[in-house]
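Consider the two complexes below, in which subunit A is the common component and subunit B and subunit C are the respective partners.
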Partner chain A sequence: MRPLTEEETKTMFEKLSKYIGENIKLLVDRPDGTYCFRLHQDRVFYMSEKILKLATNFSRDKLISVGTCFGKFTKTKKFRLHITALDFLAPYAKFKVWVKPGAEQSFLYGNHVLKSGLGRITENTMQYQGVVVYSMADVPLGFGVAAKSTQECRRVDPMSIVVFHQADVGEFIRSEETLT
Partner chain B sequence: MGRKLDPTTKVKRGPGKKARKQKGAEVELANFITEEDTGAKRLSSRARKRAAKRVQNLKKPEDITEKQPKKGFSDENSKWLKPTKRKRKMDEPESEDESEDQWEDEDEEEEEEKAPLQKKGGKRQEKKSVELGLKNLEEEEDDDDDDDDDDEEEEMVDDYGADDDGSGEEEEEEESDGDDLLPIERAAKKEKKLKESMAPSSDDDDDEEEEEEDEDDEQKSDSEMDEEDTIQTNIDDVDNFKLPSAEESEEGALSLDLKTVHQRIKDNIDVLCNFSAKREEGKARVEYLSLLRKDLCTYYSYNEFLIEKLMDLFPLSELVDFLEANEIQRPVTIRTNTLKTRRRDLAQALINRGVNLDPLGKWSKVGLVIYDSSVPIGATPEYLAGHYMLQGASSFLPVMALSPQEGELVLDMSSAPGGKTSYIAQLMRNTGVIVANDANADRLKSVVGNLHRLGVTNAVVCNYDGRQFPKVMGGFDRVLLDAPCSGTGVIAKDPAVKTSKDEADILRSAHLQKELILSAIDSVNAASPSGGYLIYCTCSIMVEENEWVVDYALKKRNVKLVPTGLDFGKEGFTSFKKYRFHPSLKLTRRFYPHSHNMDGFFVAKFKKFSNVIPSASTGKEDEKTEASEATEVTESPKKTAPKNKTVKDAPAKTNAQKKNAKTNGAAAKKQNFKTKGQQDSQTGPKKAKIAKMDGEPVKGDQVKKGTVEKPAMKSPDQTKESKTVKKDGSRFEKKQTKKGKTPLKMKNRMGKNAFKKMKHKWPKNK
Partner chain C sequence: MAACSVEELLAKAEQEEAEKLKSISVEKELDLEFDVGNLLACDKNRIESRDFRERGKEDFLRSLARDNTQLLINEIWKLPTERNEEVLVAKLPEQTTRLPREKPPPKPRPPTRWEQFAKLKGIQKKKKTNLVWDETAKEWRRRWGYKRANDDTKEWLIEVPGSSDPNEDQFAKRNKAKKERVAKNEFNRLKNIARAMKIKTPGVGLLPKAQQSKDELLKAVSVAKTSTASVGRFQDSLPKEKPPKNSGKKRKFDPLIGDFSSEKQKQLELLQVMGNKTPKLDLTKAVNTQMREEDREEAAARRRKGRKMPGKGGKGKGGKAGGGKGGKGKGGKAGGGKRRGKPGKQ
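Showing the complex of A and B:
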């Protein structure tokens, strides 16, 4: 486990900022203690200093996970957010999409959100903006990228895709092995 | 947009091949008839008298019967109230009598004379005809008469009320509250009672009934036994259960038909429960028991070993309940994740999805029982969003007993799949730190998944063998050890246990548990201001894996048992067969499937009161794999050790060791005995003790030299060498303890031995 390098930090924060914008600051400067990002086996974990200190007790190969896993660096050094980061994306998300109850299940199986399943969408969402997907009961279900801007969404036909799927909570079951 | 109807593929209609066939009416009827047949025999003495009278009455002049064209209810009710129809001609007047008794005035004396009653009936009839007015002509009355006769001629089998003919009276006497029941209800009640008395056997008992039975099981059992006796003797033609002869059973001539086996089990238990009265002359209890064991093995398909264990564990009356309970799945329960939602909200959300649920019980504020669900309960959006966790009711208990406080450092030693861990996190509200360990790396994936799904952010997941844990990290405020076990409490979940376990398996897991519990205790920090607790739990009900292990821990470490804080469950055993345990084992709790309707479970709560490991003197250390130099230490008796301060270099060494320990362990910085350093610090003082103790009996230079020198030599790489030493040592030590303590001589001898051993090892070391 080691702190992220400059470059890694930059890649990751760029990715994060697509979803929560400048709210990243809130992740790092928290009133309830210092929190930090650490890299462990290509995965980025977000944890408080207190846990970090304790985690030093464990050897590298025996340590599986600390705090919350945000995502991993691919072999090409890109950063991929995991669904496990949802707990920290959802409260700070700038742009949100709500899906109708009927389309909930479809999204949870890994499909894109279609116009017909779109319940609400934040005003002024730009195209390719990272969005967090909610159910109509305000339960965060995952995140993705807006395929159309809010304006376009009004016009397109019901079968066209409005949000590209990136991660959904169904992955907790579908791909449990690859979460960390 | 929906599936299109494809005319080419024809969908099959009707119940599928696997659709379970319901019991048809024929089956019901068959049951009924057999019961009726036996019913004839079940006449009480009074009923018999009455029957005799009735036969006489039959021969009485016809005019009375003619006078009463309609039997039964003479008052206003007669317009809608129909008397029960009868079945047997023989009983005609009786049933009439009966029905009147039942419906009109229950309190009437049963011995009431027949004749007056009939007269009364006649009178009423007359009255009625008057009431009915002039319309009623003579002919009509005659017609009525005829109709009635027809009715009587018919054999009405499907009449539930008729069932009450013979024994109804008894029933009523017993339960006066059944007065206002409909006949069908009464019949059902009776049937249920019968069933109950014949040892709860039928597999199709649904859960609720089971629960009900469970609740009043304990109070009833005594009275039930008596009842059982009477009823059973009535049912069986042969009152006494005859033990099949030895040859018969040896040759396998015994019927293997499940029904007969079941009946035999019932009878056998009946006899065994009341042995002096019901035994066959010249047959020993052992014979009955061996037959019973064999039958239980056949009927429930256990192996002999497990059945024998269970027979030791439960009284016979309870045994069958337990075995039956193992055939039924426990209800599905879920735990609300209070980190994300509240139970009320969750229940509402699930109900909206078509789930039928209820709160788990008074003892849990987060549990819900799922009765049935139209959606898979493990894949609802709420589940995926981490609002709840599928978890057996029994898994709540250890965590509740642990009662972790906010901000503490908690260890879950065998955490997969993370249910209990997440419950701990939720009780701590995501503060403090939880270390979730498991020995199996594959199973840790589910831990990681579940912890993330449930929004637990304060957990560290690691993959160590629990036995090494105090080496890795110590100083925990609370430790939960859900030890791997034989799983005899969860046979309902995994029926493979029935046949796959034998003595060796049990002992093997008991041994592992002993190792784990010691290392768990060593991980606890006794000096913790809020904690210092350890929960030991298993999903096994074997004494060897529970009380025995706990008792062992009590002997080996400075721990004591404290109340678990669970207000139900059965007390642990303080003595069991050959074992005699510490009396405080009463404070542990056992849970059984048949009495608590949750998986079989065992929970014990320890409080650690000192970080010092009492090992050194009594040779406790040698059980631990790592701390191994104990071998030499064991030689000297406990009491002499602390007193002795004669050897000078020993204390000095201790100090040095202690310093070492401090610098070694990161966590040990805070306190001398903080547990991270504990491992090391243990070795430190221990070695000192070794030195002291061996120095004390100043016998021969060898001893002194050997022991004093030894720790210094060992400290750099104790473990490698020590393992070999340890083996011999522990073996020796056992012998020694058996022999009893005759200190001087022993010490001398052992000193020599130890010295020799060491002599062998030194050169290698260097």
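Showing the complex of A and C:
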């Protein structure tokens, strides 16, 4: 386990800012305790310093996971955000998409969101903006990338994709083994 | 007078017409040689020097070029054509003229140590089959490479030979031996390359060079200093010698439980820098404003129609003329304005 280097922190923050914008500083600087990011076997974990100090007692090969896994760095040093970060993205999300109850199931199985399944979308969403997907009852379901800006969404036909799926809570069951 | 000039004009027009429609067919004594793949036409006809002198050099050359180009174009028209996005395209055949080499031919590389030895001993290269029968897997497998036959590192059961230490890990031993063989092979391969390119490789340590840069000299000094029996512990330093910069670990990470507040500080600064650097996405803003304008115009037009035809209610897109906020919304990061909602969207 080690802290992130400058470049790694930068890549990760860039990715996170696509979804939560400047609210990252609320993650970094929390009033209720010191929380930090640490890298372990290419995965980034977010934990309080208490947990960190406890985790130092484990050897590297025995330690599987600490705190919450936000995502991992791929072999080419790109950062990939995992569904386990949803709890921290959802309250600070800048751009949200609400999905109709009919299309919820489809999204949870890993499909993209079509215009016919789109309930609401925040105004001023740019194309390819990171969005957090909610159900109509304001339950966070996952996150994705807006395929069309809000303006375009109004005009396209109902069968076109409006949100590209990136992660959903169904993954907790589907990819149990790879999620640490 | 007018009649004369009209006749002259007509004659001139006829002459121009005739020139424009010069015949497509050209008469030549010897046929030209064509290499249509290279768009090349070779004309082996003799040039009459009389023609050349009497008609004027420029004109003669121009007409010659024109004739030959005409013949080449005729050849191109003979090729099969296809239509590619409203353009008629001819498919050129293979090039027949052989172009000379651009660079000099490569020199043969010197033989490797094994090749020299084989030549000396007269050992011929025996052609081996690619696949070998693997008894345990009962199928044909490669002789070497991925999933090869008789791979001793992949055995699940190894008998401990009587002479070895019972606590020794036989599997690890085999893996280590393999790694050593691979490393040795790689080393020899690199030595062969160095010998072929006549690069001097050092036995141990640094290479001697004619002109050494400052950091090479410093490195040489540090290497010399640590090349003693006690690894340089009792060596006196030179008067102005600085300790070497990158000795030890090549990559240095921050300590695991460093100063939390300084870490937080650094991250916040990084965020601030990132926040200042992001440019406003002007293009998308412009596109969105454009679309908003169009929507507004459409809505206005429909409302007008609706007023003209009071019986048939127009659709009326949301009605509001929308505040003329010409696209001041910041691209991407600000997210906010909840105006002009279409039904069902926020």
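Basically, the second predicted complex is superposed on the first by the 180 of 180 C-alpha atoms of A that agree within 3 Å, B and C clash if a C-alpha of one lies under 4 Å from a C-alpha of the other, contacts with A are read in each partner's own complex, and residues count from 1 in each chain.
The rule we apply is simple: a residue touches a chain if its C-beta (ideal position, glycine included) is under 8 Å from a C-beta of that chain, and two chains touch if they have at least 3 such contacts.
Because the structure is predicted, anything quoted here is derived from the model rather than measured.
Once the two complexes are laid over each other on the shared chain, residue contacts for A:137 go to subunit B alone; subunit C is not touched. In the superposition on chain A, contact is made by A:56 with both subunit B and subunit C. In the superposed pair of complexes, A:87 makes contact with subunit B only, with no contact to subunit C. By the document's definition of touching, neither partner reaches A:111: not subunit B, not subunit C.
Contacts of A:125 after superposition on the shared chain: subunit C is touched, whereas subunit B is not. Using the contact criterion defined above for the overlaid structures, shared-chain residue A:23 touches neither subunit B nor subunit C, since it reaches no partner.
In the superposed model, A:173 lies in contact with subunit B only, and not with subunit C. Common to the subunit B and subunit C interfaces on subunit A are residues 56.
Across the complex, subunit A is touched by residues 253-258, 260, 263-264, 267-268, 270-271, 274-275, 281, 284, 287-288, 291-292, 295, 329, 331-342, 344-346 of subunit C. Across the complex, subunit C is touched by residues 1-3, 5-6, 9-10, 13-14, 17, 21-22, 24-25, 28-29, 34, 36, 38, 49, 52-53, 56, 94-95, 98, 119-127, 129, 149-154 of subunit A. The touching residues of subunit A, when paired with subunit B in their complex, are 47-48, 50-51, 54-58, 62-69, 83-84, 87, 104-105, 108, 135, 137, 139-141, 169-170, 172-173, 176-177, 179-180. Those residues of subunit B that touch subunit A in the complex are listed here as 349, 378-379, 381-382, 384-387, 409, 433, 435, 441, 444-449, 451-453, 455, 457-464, 472-473, 666-667, 676.
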